[in-house]
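We call the chains A, B, C and D, going by the order they appear; numbering starts again at 1 in every chain.
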Amino acid sequence: MEIGIAGVGRIGKIHLENILQRFPDIDVTLVADPSEEAAAYVHEKNLNFSYNYEDIVGNKEVDAVIVCSPTNTHADFVIDAAKAGKHIFCEKPLDLSLGRVKEVLDMVHHSGVKLMLGFNRRFDPNFLKIKSMVSSGKIGDPQILKITSRDPGPPPISYVKVSGGLFMDMAIHDFDMARYIMNKEVAEVYAKGAVLVDKAIGDAGDIDSALTTLVFEDGTMANIDNSRKAVYGYDQRLEVFGAEGMLKADNNFPDNHQYYGTEGIHGSLPLNFFLERYTTSYLNEMDAFFKAIKNNAEMPVSGDDGLEAMKIALAAKISIRENRPVSLNEI
Amino acid sequence: MEIGIAGVGRIGKIHLENILQRFPDIDVTLVADPSEEAAAYVHEKNLNFSYNYEDIVGNKEVDAVIVCSPTNTHADFVIDAAKAGKHIFCEKPLDLSLGRVKEVLDMVHHSGVKLMLGFNRRFDPNFLKIKSMVSSGKIGDPQILKITSRDPGPPPISYVKVSGGLFMDMAIHDFDMARYIMNKEVAEVYAKGAVLVDKAIGDAGDIDSALTTLVFEDGTMANIDNSRKAVYGYDQRLEVFGAEGMLKADNNFPDNHQYYGTEGIHGSLPLNFFLERYTTSYLNEMDAFFKAIKNNAEMPVSGDDGLEAMKIALAAKISIRENRPVSLNEI
Amino acid sequence: MEIGIAGVGRIGKIHLENILQRFPDIDVTLVADPSEEAAAYVHEKNLNFSYNYEDIVGNKEVDAVIVCSPTNTHADFVIDAAKAGKHIFCEKPLDLSLGRVKEVLDMVHHSGVKLMLGFNRRFDPNFLKIKSMVSSGKIGDPQILKITSRDPGPPPISYVKVSGGLFMDMAIHDFDMARYIMNKEVAEVYAKGAVLVDKAIGDAGDIDSALTTLVFEDGTMANIDNSRKAVYGYDQRLEVFGAEGMLKADNNFPDNHQYYGTEGIHGSLPLNFFLERYTTSYLNEMDAFFKAIKNNAEMPVSGDDGLEAMKIALAAKISIRENRPVSLNEI
Amino acid sequence: MEIGIAGVGRIGKIHLENILQRFPDIDVTLVADPSEEAAAYVHEKNLNFSYNYEDIVGNKEVDAVIVCSPTNTHADFVIDAAKAGKHIFCEKPLDLSLGRVKEVLDMVHHSGVKLMLGFNRRFDPNFLKIKSMVSSGKIGDPQILKITSRDPGPPPISYVKVSGGLFMDMAIHDFDMARYIMNKEVAEVYAKGAVLVDKAIGDAGDIDSALTTLVFEDGTMANIDNSRKAVYGYDQRLEVFGAEGMLKADNNFPDNHQYYGTEGIHGSLPLNFFLERYTTSYLNEMDAFFKAIKNNAEMPVSGDDGLEAMKIALAAKISIRENRPVSLNEI
């Protein structure tokens, strides 16, 4: 299989390195990125490079594209790739506008190519284990899901301004996780937000802390708490409570030492951010993408999954603005 | 100090045994309870007994009363005890009617006696530790509190019907805990409930599962999840997240063994219900009550604490009924 | 049942308080202790008191005696009590001389009274759980036992000098635990000791640190490590490895909080010393003693158990002195 | 840097894959292995291949060799490589004969090339953390080290027969770890062994279970327990106790889920064997090897380290045979 990679910023590099190191039967035919830094990086790896994303779509050898360019380029690029008959892995979101996302998905659907969204956390070994145990009925009907999702520190204000806000940028992963673990659709959202970390985030029109209640179609519930700043590091946990038991997933740690001193027992902090915590999930998701293409199977994360998570994020934004529960039907 | 105990059902017996065993300088002058079973139990201990609660109030030797009689007797008894100048420890709630509670508190206030409400969980060693660390500033400003509070199994339907409902009967402890840990007043409540455990609970007009969001005056938040049935036992945990760190309290366990077998690593379930889990807290709260009387100090849990928790419970009930956030000002 | 208590120092007080608080059907007929401090303590409890241990043996009402007097009084007192037909609970050891212990046990045996030795750790909930799981075959044949047993700090040198040494005074509990968990007899002992904590302990002819290897009759093995000083508190753990699995028992803790700060994750130290760690085991062992008398059943810890642990301690002392493995047959 | 790899069995493949994937500046110039399977494997990777190990030594481009061929080829190959001026990474042991090892080390010493032994566990993140904390004085003087080292299942009897026995083949890693963590030399060894897992191992002249006591030059101590069969998987833990604290390292796990069911709390078993548990350590050790060459620095695991661990293993064998402590001076 031959692939093209659009964008080799932080996340694009992860995918590129993973593919080079772990997928010997995947050929990286072309990497495109408008930046000089990217050009140097790619040349050092002896790969073909272009400053123009569109060269990937125009390359007839390319079977599939990995889209890691900025969000505002996603929609156009995905539509072009689909028209060119190339399978697509795209980092979330497809676009910040719901209408535009629907257009893209319609287009992709008609083109017949496969599209996978980059909700990488689904492929984290801990969450995979929880998912598998819930699916196998270990806890009976899942009733209450609780997700903790906190970043070690806020992004730059410049990023905050174009991010789409905490729900669209950060919590959207948790909304997807909620649908994934519960295997049900969300019917209603109530969110409460606050600016507790940095006033500048509030000045930029966003929040930095949130508690969100999701109600599923059958009346079961989820709670998600988000913060842009956990001083002890990246905090990514969940627990799901069901009629027959409960499942928990903890953070991952760089080591498992324990130190017993005169002041107490001490251990290491969790792995600090997503590159460290989700190393395996990035690898697993790429593997899943290539396998789905090879086996002509359904993508494990579809464009509709992205759409649904986005609807929840939009409902959460309205909920905060109007201080009321918002039905997904309104979106 | 001489005390009288009104009611020696499940909780009254705990207090009586604790006092007899651990408080040698407290004399149990009279125990009252209308039941024959109680009479036999008290006679066996060679204590004075009456079938009539009012005999406690009428006994001039009695300095303080422990009120463990049914909820519907609390208000009258507390008022009579206050008029008789006796200090009062009363199991929650003072009454199921907010107006009546206010009357009782007014009366108690004017009488000058001390009143302590039985929010025993405040005295659990784990929660005490968390409280003390939050107070000492270990986590900076507390921003998000999460409480898990699940019973091992639902009470009988007959009890459900007179209990005041899940919020007034069960979650009220968690509402008090939220105020205690955060040391702030709740401004707004949003609750979502469901009948997921037993339809009969729904038929009785109650819910058996709930997710409640509390917003404090300063915009910080708490989430509480309740279930009437956790098959793995009594689940009583909390975590509080702040600007400078996070604190967690786990359940207590009957032992700490770990078994490594071919199927995994196994440990014991949490202590099964409140009598086992909160053994120490019951002892500590009685100690706190007697100490406050001896030292003429403020009670660690006041009548107003009961009132505030009750308001939150009432707001939660309205929130579910009307599916909207409810301001505490409305109550 | 009427009992007498000989000696109300630290451990005698524990037993007395436990009996007064938790065993309402046991009457404490007489307490004896030569000290003025003890006299005052006992009078305050309105119990009969004598300065002379022998008054207990001479009291016809007394059915059973609890021996908590200094070690050098144990043998004579136990013999007198046995002659007087009284059942005996005796703190370990019966005597520091093996020959004398054998005499006492012979005498007790012929008298027909029941004798229980105070190896209280057998009644700790964690070790009870391990014992029960080993007995039920959860790990198949136990092959390797590892015991960690460390004190928070060394006793005064004056005590060290009369204690019988680290093996006879401290490790003897672990030797008993090894026989209890493995349910086999020890055939050979190899011990290595060192003075790593305090030179004064070495000057007193003792060691403060030791590693002991026990070989059981069937070739299975145990390792015990002892230290007189763990700066982080009392460390009492074990693990037993078998053909079908492994079991571990950890320390107990005053609370289970976890604090996540910028420097790591922190928890409380273990309960600091035996009075706190073994609170429940002291209660359980007294219960077992009274029950065995009432039911005319075998004592759960016999005089022979004390003898066997003592032999292992003596073998360990020889092993260190002669730097060689010592067969129990030599003792 | 150009390297040659001698032997691509299980461990050789790990090193080869790690180098190809993670060390882009290291060129694999030649791989040699007498087997057809290896030939096919290497050709698939488009690398140069020879059936003859000696071709690596003869290749002038090769700067360094990775020796993963069978133990009985190590000594000759290392000597030849040293004579040819190539740096050497060699899996342990250099040879099963102490005299031969000394010859090889002498030869290597005179040649001036660098030699690193494959004690990969030194590079495990958990043990690295412990080592670093011990070195920085976190626990003061280390006094007692305890190592648990158990395999999930025994190797084939054919392997047992040529392995050099449990101490030389398996425990030698633990002996190295003991020297590494304690940073002291061993003065005396006492070992006790047994055949508890499989009689056939005993018939082959070996043991499958052992408890070993190490005494260091300064009187501090270590205990190591080994078993060839832990039904719950690969068990690799240690704890080191010192004057100022204690450090523990636990196993690694495939995930960190916890399941609360009606029977207890359950978690996953440890990673099953060395390829999974020590994935990172294999990578780290190769990195350390290349770095030491590039920086012309001392190798982090020297030939003498291999020699010392081997002496301890030989002393342990004598100790079991003669049932006595054996001084390292005897070896």
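Everything that follows uses one rule, which is that contacts are C-beta pairs under 8 Å (C-beta built on N, C-alpha and C of every residue); 3 or more make two chains touch, one makes a residue touch a chain.
No experiment lies behind these values; they were computed from the predicted model shown.
J.: What's the fewest number of moves from chain A to chain C, given that each move must go to a chain touching the current one?
T.: Tracing touching chains, the least step count from chain A to chain C comes to 1.
J.: Which pair wins on C-beta contacts, B-C or C-D?
T.: So, comparing the two chain pairs, more contacts are at C-D.
J.: Whole-Å distance, chain B centre to chain D centre, using C-alpha means?
T.: Taking the average C-alpha coordinate of chain B and of chain D, the gap between them is 58 Å.
J.: Between chain C and chain D, tell me the centre distance in angstrom, where each centre is the average of that chain's C-alpha atoms.
T.: Centre separation, chain C to chain D: 42 Å.
J.: Among the residues of chain A, pick out those that touch two or more other chains and give their numbers.
T.: Residues 230-232, 244-246, 260-262, 268 of chain A each touch two or more of the other chains.
J.: Quick check: in the complex, which residue numbers of chain A touch chain D?
T.: Contact set of chain A toward chain D: 21-22, 125-126, 128-130, 133, 138-139, 244-252, 254-262, 268.
J.: Flag every residue of chain C that touches chain A in the complex, lowest number first.
T.: Touch list, chain C to chain A: 230-232, 260-269.
J.: Okay, in this complex, where on chain D does chain C touch?
T.: Within the complex, chain D contacts chain C at residues 141, 143-144, 146, 148, 150, 190, 192, 194-197, 209, 211, 213, 215, 219-221, 223, 225, 227, 229-232, 235, 241, 243-246, 323-325.
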